[in-house]
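Both complexes shown next keep subunit A, but they swap its partner, so subunit B is in the first and subunit C is in the second.
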Partner chain A sequence: MINITKESEENVHIIKVEGDVDAASSIYLDKAIGDALTRGQKKILIDCTELEYISSAGLGVFMSYIQDFENSDSQFVLFGLSERVAGVFEILGLDQLLTIVKTREEALMRVSDEV
Partner chain B sequence: MNNFLKPVTSSLPDIRSLGSHLNWIVLLLINFVIIISFRNDIITPEVRVWAPHLSISLVLIALVFYSRLQIKAVDRPSFLPLLIRLCSLTGLGILAILFLESLVYLFSSHIRLFSNPLVATAIYTLEILAGGVVLSTLLVGFKRLMLFEKTRLLVVSWRLFEYGLVTTTILSLFNIQFNTFFYNLIFIALTGLGVLLSVNLKWVGYLDFRQKLQALGLMLVQLLCLLFFTWFLYFYSSDTQLLYYAEDNMLLLVLLSFSLFCTGLSVLVIFFNLPTSSVFEKKLEDLNGIKQLQQSLRKKQSEEDLYQLLLENALKATDAQYGWIWVKHHQGGEKIVQSVELPRLSVNALLSNFTNTRVKDGLMAGRIPGRRRAFHLSPVQHPLYKSALVIPLRAQDSLSGYLTLLKNVPSGFNKDAIGIARLYAEQTCLSIENLQLLDEAIRLERYQEELSIARRVKESLLPREICCNTDCGLFVCSESADDVGGDYYDAYRLDSSRVALVVADVSGHGTSAAFTMSQLKGVFHSLVPQGLGCRDFLVQANSALSRGLGRTTFVTLVYGVLDCTSKTFTFVRAGHCPVLHYNREKNRVEAYHGKGMGLGLLRNSAYQEHIEEQTICYGEGDALLLYTDGIIECRNGAGEEYGQERLTASFEKYAGQKGSSAEVVCTLLMEELHAYAGTKELQDDFTTLVLKFS
Partner chain C sequence: MKYSIKVPCCKSKLKTIRSFVDETLGQYVLSDVDLNMLVLAVDEVCANLIVHADMDDKMSDECIVLNILVRKNTIVFEVIDQKDHGFDFSNYREPRLEDLVKTRRKGGLGLMLVRRIMDDVEFKTKDHTNVCRMVKKMQVPVA
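So, the complex of A and B:
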């Protein structure tokens, strides 16, 4: 099961992902990020504090947007990953391509710093 | 008359009917012979009395048999044609009598021959026979009509009646005269039985209003004809010229009385059934409606057509003036189905006239709370429509819409109307449910078929045999989940001392994973023979795959080269699970993480900055384990993952066992994994490749 909630704080768009992201539920994540990009959001944070498990399909979603973020000059930060989920990102090498931080504050700071 | 009796359907002369033709013609001749013999004194007076009756009876019986061959059993649609046939035959018979009578009337004063009793009797006999033909045909015709719905009692009583009729022929031998005690007794008994039989007029109910009117006319004509024949018999009973009187023939009289009763009763029954025929027609229409709905399922009509059919039938069955169906589609979205024959009115405007606010609000919102099966609303505040019927439609236990019907009288829907409308609604829902289930089954079937193709493709991509150096044993265990994953392994001999190995995992499942795997196999076999270093291999593979992989697809793998001269395993890890090395000397397992990135993650030249080549030097008794993430992500009943730690510990335990081969280590690991997962089926592909050095 997956639950995605979106909130906007000033010009920061936060997508909170809860539960398991598998092959079936990854399409919702894909849509949420895609929507944010098409609406021209420049600062997108992904809240992974409640993310239990992510399959290769879910990782594929993040991977597929890396180029788009670079092209549109958007900032994209993940935060609150559990140790296990972080390990999955790390093994794949996705941590070298995405900005991953520990806490929400850190993430907010990261996007405001770089303005 | 013979021509008339011939069946229209068969033009071939039927031998049996030919036989019966002969039969009654011969009997007719005998009849005449007997009449002529009255003149002579060959025949004794006793014989004179019974012989004509016997022969007439025999002729009548022969006629009955003949009619039975001519008139076949009937069913509902052929009632009216049969009635027309019977009536016209009766008319023809009476016309024949009238014709003969007019001949006698015209010529009796001029030609002396007609005043001869013998000639008069002959003409009388001909007339009686014409009547006999009519009566015997009517007997068979009514029998067919009454027996179209057979019951045992009815069949038995008919047989009894027929035996009785035959018996009267024998009675005529005993010279029983008309209006004597015995004659009356037998006559009343047989006529009574005939009356009892003639009450069975169920066929009348199956005629519709038009047909009933026609049948009434036909029966009235027939009744008049029969009454005329009765009067004719009565008239001649006082003629002293005649040598015998037909009313002494009991068979003829019984047939006449039976025909009279049947026709008279039919007239009455048809007449009194006229006002109720619309009820019966309505019920038939209702039944036809259900039949139509059921057939439409077999024809595999669309949902839209089914709703349209339901609406038309419900409008007809309840006599409602207006109606519509509000449909909620299971994919989302809603639609209003209105009859094509009625003007399209605004449903919301009509709804606003409902006085029952709960139902009104429910219909507007598309959700009436509760599980009631029908709502009869009266009154409705509308200039035209005074009452409404709302029936929820439920398919697969969830609401799929509402049928709403409007009528121009208050409390316009009685219990029957509600019942039939509900029946239609349920039938339609059932049809729609079946339609949906069928669609689902087809989709599932197609998916299964795709999966089985993908599985076959995948199996054909994995190598049958795998080569290795002489200083080590190699064993692979690979198991697939039902839903095809994308684990791949292969080996390639570079030269006498070097072997290239790969263990890979393609992201995603199903058919797409199988296709990605085939790309990977192509890339592996085209790059490896070029003798590239591990790092270059990965860069080239990334570049090749990046052009072919889907947007969200990537591949993780470990590619390495085993060299038995330098006793090294040089490898790169492309985002794959770390390689585990069991060191015999230290009796410890070491995991080689190193820097690495999945293929397809970074689809440009920057990729090479994210990978690192590593080398493991192995000694005797050492072991290596290459595996896919299905192993560490395997969950037990409690949802807990097997994990890296458990795998490391188990590998250390099994690889450290003295003399254990690669096969033993690999098998033990898989067994442990299955024990951990329990009875649950595999969620992912499992692949373990074990190398054991000697």
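So, the complex of A and C:
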């Protein structure tokens, strides 16, 4: 239903989310992001290329960390959203509060540019 | 055309509900994005109901019934359950996104999404039966 894997590329922490993020599974996404922040990761990318579905529970997880990203000067970028998943972010305007780009390369450039 | 499903009131059954909506409305000509929005709205109402019924991951004897009525220009969704948690929609005030961000709240977005997606949403409780009725006005050609 949900599969979360983590990898690091130099000083960039990449969390790959596969499957469905809903009310039952959003805790795993929450834990992955929370752990990354606790470990002091400053550049966090979320790979959504295999994310098939997201509900408000998943949106709420991202939203709940916006303040923490700002307070800790962390950079946080989502990439690879399908049209249907992107639509869910757009409907409430969350795409304006989060940094969302199309590809992994763009995401990596975004965090390196902002240093 | 009317379609129905009855599932136990627990979070692990949300995927079953989503698949039912997806497969049922997949018989009609809807864009992928539109179809996902309708699946999302139903999922949000059911998830809300399960969370407020405090059923979480526990398997329950309680069930949720979902009816989908497809008409030429309208799709009507009814989510029905029997738990004692009637939702008073008249008292609902939509939270501001900025406030949710400031307070790091994870909840509060579900009903906002439902209201954006659907043309009409109403909650009714009668004789311990709660009914959430959602109406989407759209052309629904058969595939």
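One rule holds for everything that comes next: the second predicted complex is superposed on the first by the 115 of 115 C-alpha atoms of A that agree within 3 Å, B and C clash if a C-alpha of one lies under 4 Å from a C-alpha of the other, contacts with A are read in each partner's own complex, and residues count from 1 in each chain.
Here is the rule we go by: a contact is a pair of C-beta atoms (placed from the backbone, for glycine too) under 8 Å apart; a residue touches a chain by one contact, two chains touch by 3 or more.
A quick note: this is a predicted structure, and the numbers were derived from the prediction, not measured.
*Asks:* Check the residue A:Glu83 against both partner chains and state whether it touches subunit B (first), subunit C (second), both, or neither.
*Replies:* Touch status of A:Glu83: second partner only.
*Asks:* Who touches more of subunit A, subunit B or subunit C?
*Replies:* C
*Asks:* Can A:Glu18 be said to touch subunit B (first), subunit C (second), both, or neither?
*Replies:* Neither: A:Glu18 stays clear of subunit B and subunit C.
*Asks:* Taking the superposition on A as described, I'd like to know which of subunit B and subunit C A:Asp30 touches: first, second, both or neither.
*Replies:* both
*Asks:* Now for A:Ser56: first (subunit B), second (subunit C), both, or neither, which partner does it touch?
*Replies:* Once the two structures are laid over each other on A, A:Ser56 reaches both partners.
*Asks:* So, A:Asp68: does it touch subunit B (first), subunit C (second), both, or neither?
*Replies:* second
*Asks:* Going by the contact rule set out at the top, does A:Ile91 touch subunit B (first), subunit C (second), both, or neither?
*Replies:* In the superposition, A:Ile91 contacts both subunit B and subunit C.
*Asks:* Can you give me the overlap between the subunit B contact set and the subunit C contact set on subunit A?
*Replies:* Residues 23, 26, 30, 56-57, 59-61, 63-64, 66-67, 84, 91-94, 97 of subunit A touch both subunit B and subunit C.
*Asks:* Which bits of subunit A are touching subunit B when the two form their complex?
*Replies:* These residues of subunit A touch subunit B: 23, 26, 30, 56-57, 59-61, 63-64, 66-67, 84, 91-94, 96-97.
*Asks:* Can you list the subunit B residues touching subunit A in their complex?
*Replies:* 505, 507-509, 551-554, 556, 574-578, 593, 595-598, 600-603, 610, 629, 641
*Asks:* If we count contacts the way the header does, which residues on subunit C are in touch with subunit A in the complex?
*Replies:* 11-12, 14-15, 18, 32-33, 36-37, 39-40, 43-44, 47, 50-51, 57, 97, 100-102, 104-110, 112-113, 116-117
*Asks:* Under the stated contact criterion, what part of subunit A meets subunit C in this complex?
*Replies:* Where subunit A meets subunit C, its residues are 1, 20, 22-24, 26, 30, 53, 55-57, 59-61, 63-68, 83-84, 87-88, 91-94, 97.
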